[in-house]
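First comes the structure, then the notes that go with it.
Chain IDs A, B, C and D follow the sequence of writing; residue 1 opens each chain.
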């Protein structure tokens, strides 16, 4: 089987580089198109991109010429979008209109009522929105998005709880890595030996996206009814490179002993695991028992960075349970999430 | 007026150094006695102590000989204890028995029913416990303690809320500086570019101490009835040098608009301010309006490190209000807290 | 005596903030004019400036309106320039032409043959260049510069060696703080848990500026003949906030025992100390004996950040002596250096 | 071919963990014996060892019981020593006496006249010392050592220069990672946002070991005549996790254009490459052209952490050439070095 040709929008940025890294060894997909801003266009990728990952830039892409993000030059069916929220909107729409399956990590369309905000382990049925999206917008292609990096890590940990016991309330405080802010991102003068208790728009994203993700598809024209769980988030930036840590307090609908809670997390498997999608983590939720884990530097790359790693699961005096979770923010929190979404699209026939 | 002679137990440690620094310029107290472990005893302080503060070691103490912590050699009325929790217990008792006022930062006696766990802005009336303590134990002196570093910062922020509206529930997640673990403390291999989601015993201290601090003195023999508020804490260690940051969600007994909440915090004054105690912060609670503050590196030293700095006060979808607070963990969270306690003891005649 | 009115060009930047901080408490000077880029102009300083120092913004400047850097609006005799090298050139010239004494920290004019590159402890006689500068350029005012931050720290340590023994060769490797790169400066993604072995143009600045600073004024028209010492520098950026550390190997013209070398450094005093200039450090070179000092976090602020702190002075198997030095890069390495220069200008009658 | 059984002394420490990690996937060797201090003895490795690497502890060793380091219980021919210098001496001797080939990373025996201080790319002929060592000491086994972590990285970069042009003088300033100090090692309070310009004994190690490594075997009884090159080192500790950076100035015996210098480095190959030893890096010296590389976080793992990575090779105004180098301190600088030594021993028949 020949590989499916894919493109990357925003290929030179922090998320774009992860797309390049992860897709270069992908069994189903092959990078055939790299697009970035005007400043990079026309240059070989090796020259346009200030590569910041500790694995070397893949040989294959070094000489590929970076193009401006315009539909037409590339004929493959899928483009991944690593664009930042401020520019993604119209570019992604142009590609969707032109017939591409746009698999986006950007925030621009996440809360659009007809755009799936997809976590394949949780809401694969939200792909039903694609049909009404095509119809309503009159496009030949469509847009599918993945959640914000801190939202996705949280949702993976909540999913087994929701399935087994129901989730009513969630308090979450995040300690997020600097790579989540892209490049150049957070100035070292701000964050060295310091922390910043504010990440613009992040708290609202967590509170809103989570309810959409766990929502139900309702009605003929496929709208999402948000899940009734209630959330309150506080987000901070800490001097960590990769891996968002989140401390969580959860009120379950149905109380459960801690062992049951851990077991639900540990045994959680879902559609991507059943389908054997190439990027699906064997264990979507990894539960650690050591009292001082998870730690971002030591545990972010478990399951290839595609799982949420949970630790310190214990009773809470005020809710049902409290715990600490960790997600790799540029793998499962960004590029890896989009790639898993594309794998599900392919497995379910939404792309050829 | 000649100054009151004071001693310092554990004078060479992280907290001990802060005692030395803060007391060297104190208007009421004069360091007359420095004690530390066997290893240091007999040496001049300049040699015994691996000074780690960025202000120079005060000239006066450089040649003072460090002694072993035994009552008798020093005749002043007050000893401050910067001992660690594992050794403080019996040493402090020996000094109290011998007639000293032991003003301790150690955890050993904090939860003893007859020992005040004092924050002068909040519970000065807990000094009533001293009399029954003397009687019950048959000591000539007594022990007064200050809370754990993260507890004290939290309580200062809660105090105006409790006074104005009542506090029912508190969720708190801390991001604590490495100086809170003493020296050598946290290995750099553990915390560089990382965070550790566990500080031994810290969560229980926050949950229990807070209820004692806000408790009422009841009965003839002066026991403390804990406050009925309920707390749930999660604590983490982050690569920050000084300043514990805490994100807090508070359920008030009586709901209040955000402006009222901020005003209560801003206008909060209490006994230490009325008495004009030398170490009392002008504003026990400083409220910042910038959306990305407080930050430990920039804001810890406001009010000389003696205040709790609060920011991002905003409504919470799940409780009444959420905010971020910051306390200087080795000043108001340790040595400075004990010194303010000693000032109150003197102002109220508990020491000559 | 009323204070001399001074202005600050680039007042909102990293160096500009230090100017504001240091000048707000200055006994001779008073801030009367704040200028910055178009983006800031017209706003009160408190609003235009993203204040990053851990002492609060001085009250006096908060409401001062920031102006565009154009001569005329301000009638005081002195402007300090904290502009970056890419924009400083023409702006500083315009102010000098209009009659101001421009005391600059920028690199633009440092190597101009008729512009003093001044360290008051080393080459106060270079102020003789001002007269020919005025004549040749036909200006009513003039420009005086201070060296690059790493150069100045090095030169202060070399000065007593040059005076006592002569300096022939210098190898220097720097480990420079991130504040030296301004704001936003070095991205945290680049420098967290990392170091960057390259600072653009820095090595040439050290090698060239040092020779000019130690050079002789020759000829009627006042040119500087560079000192014949030879230097080789390697510069790196490290995750430190303030304080440039430099490891140095020096070949003296006349060999000297280590004790003599240290004594020469310790006893070094010069014109600013004799004149008692307000910002002159009591000891321009502080020599530490502890084998693990100086350290940027602990020792940068000795002598108010105006000294070079030297440690580990020891024989070198390949040259005469090797040692480690530390300089506060935004005080003596920038704003403080310029202020000391202005003080010398005033003391010697170059400004009214 | 069945694998050779090997043991690890000091198996629970920082270097010991690297041995475990690297040997678990080794094609020739198989871990059959884990020894550590009394405190760990008797426990399964998973319990005895506070694993600090970001790859998981290999399954195979988790249940292996850690023993006290005494010869006899283990019958394999090779033990690797990751012991610290203060305890290694007698333990290693006991094992050598009992007939084991002791392949040591410890400093205790490095400078013994009859013990090879081996870098297989540079001085494989030093293995001639083994015979006289056996005879003189009357042992059944022997000790072979690898150099100190910063020495080995330096020597690999010097080797091609020595071979092609001769090396006369070397100035080196190191910026060393905290992992080089073991665990708990450097306290975070000391090194966060700071650097420490002193590493005990490190400078002498670099200066002395290098001359032995490049020395000649002379005389019938096989002594090493040190190489006449002269070195001067200054060493510092920086807040970096892995990867020692070194800035170097080299005086060559025969001057050479920079391109020749780089070519010599790039094309350098030696015995381990010829023999195809499993841990031999394809390129012992990697030369980077980007002006801001090498960087420890990005480049330490090139060639599996077994190469020295060099950058910024350029002319020096005072010597022939200056450059920056980087070595992975716990792979090529410790465990990996010893493993490559053992591979050479096996390839040359010193072990069965």
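Some observations on this one:
The rule we apply is simple: a residue touches a chain if its C-beta (ideal position, glycine included) is under 8 Å from a C-beta of that chain, and two chains touch if they have at least 3 such contacts.
In this text, all values refer to a predicted model and were calculated from it rather than measured experimentally.
The most distant chain from chain C is A, comparing centres defined as mean Cα coordinates.
Counting C-beta pairs in contact across A-C and across B-C shows that the higher total falls to A-C.
Averaging C-alpha coordinates per chain places the centre of chain A 48 Å away from that of chain C.
Chain geometry summary: the mean Cα position of chain B and that of chain C are 41 Å apart. Contact with two or more other chains is made by residues 52, 192-193, 239, 241, 297-298 of chain D.
In the complex of the two chains, the chain A residues touching chain B come out as 169, 171, 173, 175, 193-198, 207, 230-232, 234, 236, 238-241, 245, 247, 249, 291-298, 311-312, 316-319, 322, 324. Those residues of chain A whose C-beta lies close enough to touch chain C in the complex are 14, 52, 178-179, 183-193, 239-241.
Residues 52-54, 56, 192-193, 241, 297-302 of chain C are the ones that touch chain B when the two sit in their complex.
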